[in-house]
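Next up: some structures, all given as structure tokens.
What follows is a pair of complexes built around chain A, which joins chain B in one and chain C in the other.
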Partner chain A sequence: MKRLAMFVAVGLLALSALASAQTLVYGESGLPVTLDLPQDGNSLTVLYQVAQPLVGFKPGSSELMPLLATSWEANADATQWTFHLREGVSFTDGTPFNAEAVKFNFDRWNNRDNPYAFASQKDMAAWTYIFGAFHGEDGYLLEKVDVLDANTVRFDLTSPVGFFPALVASSYFGIHSPTAIKAAGVDYGTPGVGAVGTGPFKFQEWVEGDHVTLVRNDNYWGDKAKVERIVFRGIESPATRLAELEAGTLDIAVNLSPDDLKAVEGNADLKRATASANLSIGYVGFHQANKPFDDVRVRQAVALAIDQKTIVDSFWSGLGQPAAEFIPPGLIGRAGYEPYAYDPAKAKELLKEAGYPNGFKTEFWYMPVSRPYFPSPKDIAEAVTGYLAQVGIQAELRTEDWGIYLKDYDEGKFPMYMLGWSADYADPNNFIFTFFSPTEIKNGFGWTGSNADEVVKLLGDARQASSETERVTYYHQADKLIYDNVPAMPMVYPTTLNATRANIDGFLPNPLGTTSVQLNEVTKN
Partner chain B sequence: MFSYFIRRLLGLLPVLFGVSLLVFTIPRVIGSDPARIMLGERASPESYQRLRLELGLDVPYFLNFKEARTNGVAGLFDAQYPNFLRHALQGDLGKSIFSRIPVVTSLTHFFPATFELTMVAMFIAVVLGVPLGILAALNRGTVIDTTLMFVALAGVSFPVFWLGIIMIYVFAVGLGWLPPSGRLSPTLIFHGTTGFYVLDAILQGRWDVLWNAIRHLILPGIALGTIPLAIIVRMTRSSMLEVLGQDYIRTARAKGVEARSVINKHALRNALLPVVTVIGLSFGQLLSGAILTETVFAWPGIGRFVYDAISARDYPIIQGGVLFVATMFVIVNMVVDLSYAVIDPRIQYT
Partner chain C sequence: MTTSAATAGNQDRVEGRSLLQDAFRRFRRHPTGILGTAIIVFFVLVTIFAPVLRPIDPLRIDLRNRMLPPTWTMSQQELEQKHLQRWSYPFGTDVQGRDMLVRVLYGGRISLRVGLEAVAMAALVGTLLGLIAGFFGGWLDTFIVWFVDILLAFPGILLAIAIVAALGQSLLNALIAISITYVPVYIRIVRSVTLSLRESEYVQAARALGSRSGRVILAHVLPNGLSPLMVQLTLSIGTAILDVAALGFLGLGARPPTPEWGAMISDGFGRFRIAPWLSIVPGIAIFFSVVGFNLLGDAIRDVLDPRLKR
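So, the complex of A and B:
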């Protein structure tokens, strides 16, 4: 009897060890905000495991691959895109995944008056970033979605877009179960309801402020998840995330501070998990409505006065590279420029030519929040003003609440400022057009005149180009104008530091970060 | 006593009304709003205006004259503040703009976490603080006193995030004795009913959960307890010193009352009044959440919840959260006032 009890006890111990080995604990900077049309990385990472988009990414890369759509093709001028859907797939609530479901989701996002477009999503910024505007509004892209048959949908666009599948692949656009959305109404995506999709994991529970648990979807159409459960924890402080990883209470920790690279690499229990490159950029912008930044020589002088390489090396600890153009590495269309070389003497000369032999006074606005493209904005801003002082430019450091900062930025109140961008989809259009669209070129930089008009025209032509070669030619021409006119000084292409315990395999962040990485291939040994 | 209690309770109403007015007004007058933050780094002026409309941010703050013309008095009060007040009186604090979670639901998640942590921190602060303060007073001017006062000074001066991270590295990463952060191990499957994990664990007889929850409380409890601990030590010391110099203590000693009895019965009881005030104030402060401690230890408390809402301009959370915290603070102060009568019979409330 005693022996039996011992046997049972040992068995139970082994079982509990097994159970915990199958739970993956994932540390992010916060828990999701919502699982219905979120706009932040923490929510998107969780949602990507549950609701999959039509198009995905090859592991560790930004190259597209079939996910819920098995193939796609465009008509001759790329205004109609037809997607063939994976057959025999069901949402985890049993609802069949088909063309109707795809149409339901896109209609709900594209049409502000759709009954299932809930208040805060009616102006979903991500939709306008990616699809221009909502249906019927100025600059909208998606005309309609048609169900051709049970497993075929067609997207009709208002203008040709050769890279449309990249838009659809964005992690925002996971397909949800229409039944679940209709049943939950405005509560869909909140902790009590969660989300229902076709992904390798399904929603189990969300304890507000504490954790979100997903469990393996045993009916998943693809490679079933190797771990049984994932628990997502929101740990705001990057130092605590690293400590948790070191203590072994987290298996994966994302968005660590670049300063911690040494700590990660020097620890045999940990593994660095960074992407080959991240599609992200941090820059110093000038608004030309503020004198003397209307003078191109002054803008060039600023770019020459700042030792960009030293700043990038010191604040990104080897996890960033100095930037020269607005299309980050890893995308097509880059012209291959070098950053303006550090040359204070030449900067002074240009200032003298522009009529400022003794420099001038201005304001330099830095962000009150930290982003991967500027992990410690204030320290970086101080370094920048230090360099500027050496050529006589007295830049007063200013900041304000983030919401007000964004609003003042919109209104062109900052002579000189810091801002950045991380990709929504893997295409140069998401960068260069984001900064130099007709509205942004005015709002962000106050850049007008023939050069600015030319850039806008070239980028418009690029969007409609019939071939990639043609598109790249337009980008190169636009890039030259931007490089010479310095409407802003690109500062850095950062790489985000993520790490796992040494026993974790198969966690491969891609250039879009960790928000569009499926965790079904991750193993815990 | 009872009528005093009722009067104090009624006195709460104007205070809370004032708080509600402030907490409604301040976030709105300092500029920016949730609509702009929701739209992120790039936004067109049109979508900004439209989202404001969608979120009801264009409705007048206090009085809606436009509506009054068509709907009379009811229309006049169809404005943001009167609506907030009306719903709040019915126990509805609205929903978060970003997550659509009802504020009351969130408060029932975050408040128990803060309350548990506060209890532990205050327990540490009082159990250690009062005896150490007495010890310092009795050994005034000696090495013991100087050392204690120095440590107390250090306690108030150490930044919590620094102390917290050091403790995490020593006790969690280095020695592995305690978990680094959070309220429960994420691999533990447990569903509480009250949100107070210690209580829930006892109610359900889940001793593994109880042990786990207590282990998670220790480091943040110490980190959070250091400041009140330091204040209590100093307050007890100075208050004791003052009392020990009184005539009646000399008399008691002269009568030959045993030293221990002089200290415990004659001195301490009289010295406690200011200490209780300090304890009450600290308790109230900790209950309103400790943003730094909660951030370092990833503690899902009310401080960070409200702080995050302030950054995001999530008006319903700011309003509901601050109103709730203010209520707690006022109640704790009231309890402190009432306890005076228990400690010092000379104080009578009528």
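So, the complex of A and C:
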């Protein structure tokens, strides 16, 4: 008993030391997985403080701004991009930041046979999300990186990409110290090693299952951090994150449940920290290989049968708006459609026309995990099936382990399912092409035929278009086909609920979420 | 204990009163037993008559009235704002705006039914195997005991989770899983009773008179081994209801939108601070139904124990 009391006392002392004015405690849904080309938001938020990409975002916005590159330009057809690097910057281990370091990083991501790719142990999957494929594989984008002089690099692409700086700005691509990677080898990015970059903070310790601590980089090239250290904690349940924030053991809590909006706003000790809008979308997909969803009238009937506005108002507590298109607000290329209005009578009529006057039986698969685009998937799914039942569609609710779910989704096993997307970079291509690329249009929706072919062609043309006006025209045409054919029903453009203690200033989530927000301007009073 | 029960039974007959009659007389004077029975009868009646008592569809969604607290706790002003009566939703509404009262009533149907069925299945299989193992002995006995030992090596709920994980999520699979985890207890009880009864004089006498094994088991062994079985049965129903709820809480039981108590608690779990009634209402239902069966089980044990006979 005495020993227990001592442990508690020591624990409390340690906690109070952590909670000093110079330490910012940041609660996310989990600790990092790795700091070497991670794929998940929890890891990326930590990495972004340590290793900076070439291009960043203006505070609170998705507009690009110089970070490690001071300027950039493309050749006439946007297949060659030259970046001018910031001079006089060093990694926190003393290694100079220069063109060679940039080339080292991109080469090890792009080439599976690079000795530092550790191809047998690390999959570097995040690279393919943005750059399509690894060098030499089907659909790869980055041909090579050339060092023009100490502070200039040039990227040669296999096809024109007008928005290339947005790709480089993805929070995945923080530039790491080549010396540190060479020294740590395959262990680079793991808890024992951490990561070395040029950011406003440097890695101090990572206690597995407990916390990650970063300390201020006193040699940072930009505005030095206002707090001395940040402690990142992984707390799985959003309700627990809020409870800790209320108790003052967290300074910042991200991805709270929209249900808790009132609790946040009604508490004078807390402040809401939401972006103006998030580049994100949640949708209900159909896979047309499953009858009767091959019939466009059935898909339209589903869209008409669901009271989208009420669902969004109820489950996002005003932190979401009903979606109609696959490009979220804040990006170019939106055609400005309204969501299908709630009209169960018309839905029944369409079902009758399609040969299902009494509805039909099907399965509706819901996500086993919560994401900002579907904060409580099961509840939302129950509401959706409730509306479907009113027009006679008996949808059985099913779910399974998240890993298997994504695999089964990709194999077209779900007649109807929920899924969503949050932006990696602020460009419509990251949305509409993610869903309707030549492979995804088949895998995700089972959509084939002349309309589908036309959408694929239009999106390919848009990617390579030389002017923005031309790109927008292609997107508008694709948008119309998608809106009319309803391969999926866009449900919501969500806004993620984050909150801080009232004494925290300068925490500005941007439309891409909280993964690409530098915390050097955050103050704790 | 069981042999003496058998002897006691014989004495009863001399007095012209059967064991059951005698037990019933004692049960009537057992206050906690009466209380347990009352609770169970209450639950059974309200769940059976749920459609009459509360003619509302437990699946009817009303998103405009979601997560309402029990309406009798609301102020008059709030009630008028939402066009509600004081007793519109006595237990509040859930995340979909469904009536908690009617859901908890329909949830009772599921919990009671699954609890009963799982235990009945387990008891049937367990009794059969226990009789075979205890009466015939030999390699069959060795094999069955070995099987029981393996099953008992796993914590019950873990085994149930593993079985549901293998079979897939559904209420029927949860029932099967729980049932399987309960089988070993019955095998053990029935086997030990059978072992001792097999050697008793009246069983020996019946065999000596040439009765076949089947007749000996049905006419002599089984009736005299019933009382420990009865006690275990009643107590198991309580724990089975808890296990159904545990599986439902973990998302391994009934599929949504089925109103199952465990799943309802799980729905309210993350919202406990903003809408505590979501978990409290089904929690109370589970509590009382389990208490009911436990009280009854204890009472049955008391009244069937002939040592208490005066």
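In the analysis below, the second predicted complex is superposed on the first by the 501 of 525 C-alpha atoms of A that agree within 3 Å, B and C clash if a C-alpha of one lies under 4 Å from a C-alpha of the other, contacts with A are read in each partner's own complex, and residues count from 1 in each chain.
Here is the rule we go by: a residue touches a chain if its C-beta (ideal position, glycine included) is under 8 Å from a C-beta of that chain, and two chains touch if they have at least 3 such contacts.
None of the values given here were measured: they were computed from a predicted structure.
**Q** Aligned on chain A, chain B and chain C: do they clash or fit?
**A** Partners fit side by side after overlay.
**Q** Taking the superposition on A as described, I'd like to know which of chain B and chain C A:311 touches: first, second, both or neither.
**A** second
**Q** Per the overlay, which chain contacts more chain A residues, chain B or chain C?
**A** B
**Q** Looking at the overlay, does A:382 come into contact with chain B only (first), chain C only (second), both, or neither?
**A** A:382 contacts chain C only, not chain B.
**Q** Please indicate which partner A:76 is in contact with in the superposed arrangement: first for chain B, second for chain C, both, or neither.
**A** In the superposed model, A:76 contacts neither chain B nor chain C.
**Q** Looking at the overlay, what does A:268 touch: chain B (first), chain C (second), both, or neither?
**A** In the superposition, A:268 touches no partner, neither chain B nor chain C.
**Q** Going by the contact rule set out at the top, does A:243 touch chain B (first), chain C (second), both, or neither?
**A** A:243: touches chain B and chain C.
**Q** Is A:259 touching anything from chain B or chain C once the two structures are fitted on A? First, second, both or neither.
**A** second
**Q** Upon superposition of the two complexes, what minimum C-alpha distance (Å) separates chain B from chain C?
**A** Result, nearest C-alpha distance in the overlay: 6 Å.
**Q** Could you list which residues of chain A make contact with chain B in one structure and with chain C in the other?
**A** Looking at chain A, the two contact sets intersect at 237, 239, 243.
**Q** Taking the complex as given, what residues does chain C use to touch chain A?
**A** 59-61, 63-64, 66-67, 95-96, 169, 251, 255-257, 267, 270-274
**Q** Can you check the complex and tell me which residues of chain A touch chain B?
**A** The contact residues of chain A facing chain B are 19-20, 23, 25, 33-34, 39, 118-120, 122-123, 125, 128-129, 137-138, 186-187, 189-191, 207-211, 231, 233-237, 239-240, 243-244, 246-247, 249, 369, 401-404, 406-407, 410, 419-421, 434, 439-440.
**Q** What part of chain B is in contact with chain A in the complex they form?
**A** Going by the criterion above, the answer is residues 30-48, 50-51, 54-55, 97-101, 105-106, 109-110, 113, 161, 165, 168-169, 172-173, 176, 179-187, 295-298, 300-301, 304-305, 311-313.
**Q** Help me check something: in the complex, which residues belonging to chain A touch chain C?
**A** 237-239, 242-243, 257, 259-260, 262-263, 307, 310-311, 313-314, 368, 376, 378-379, 381-383, 385-387, 389, 396-399
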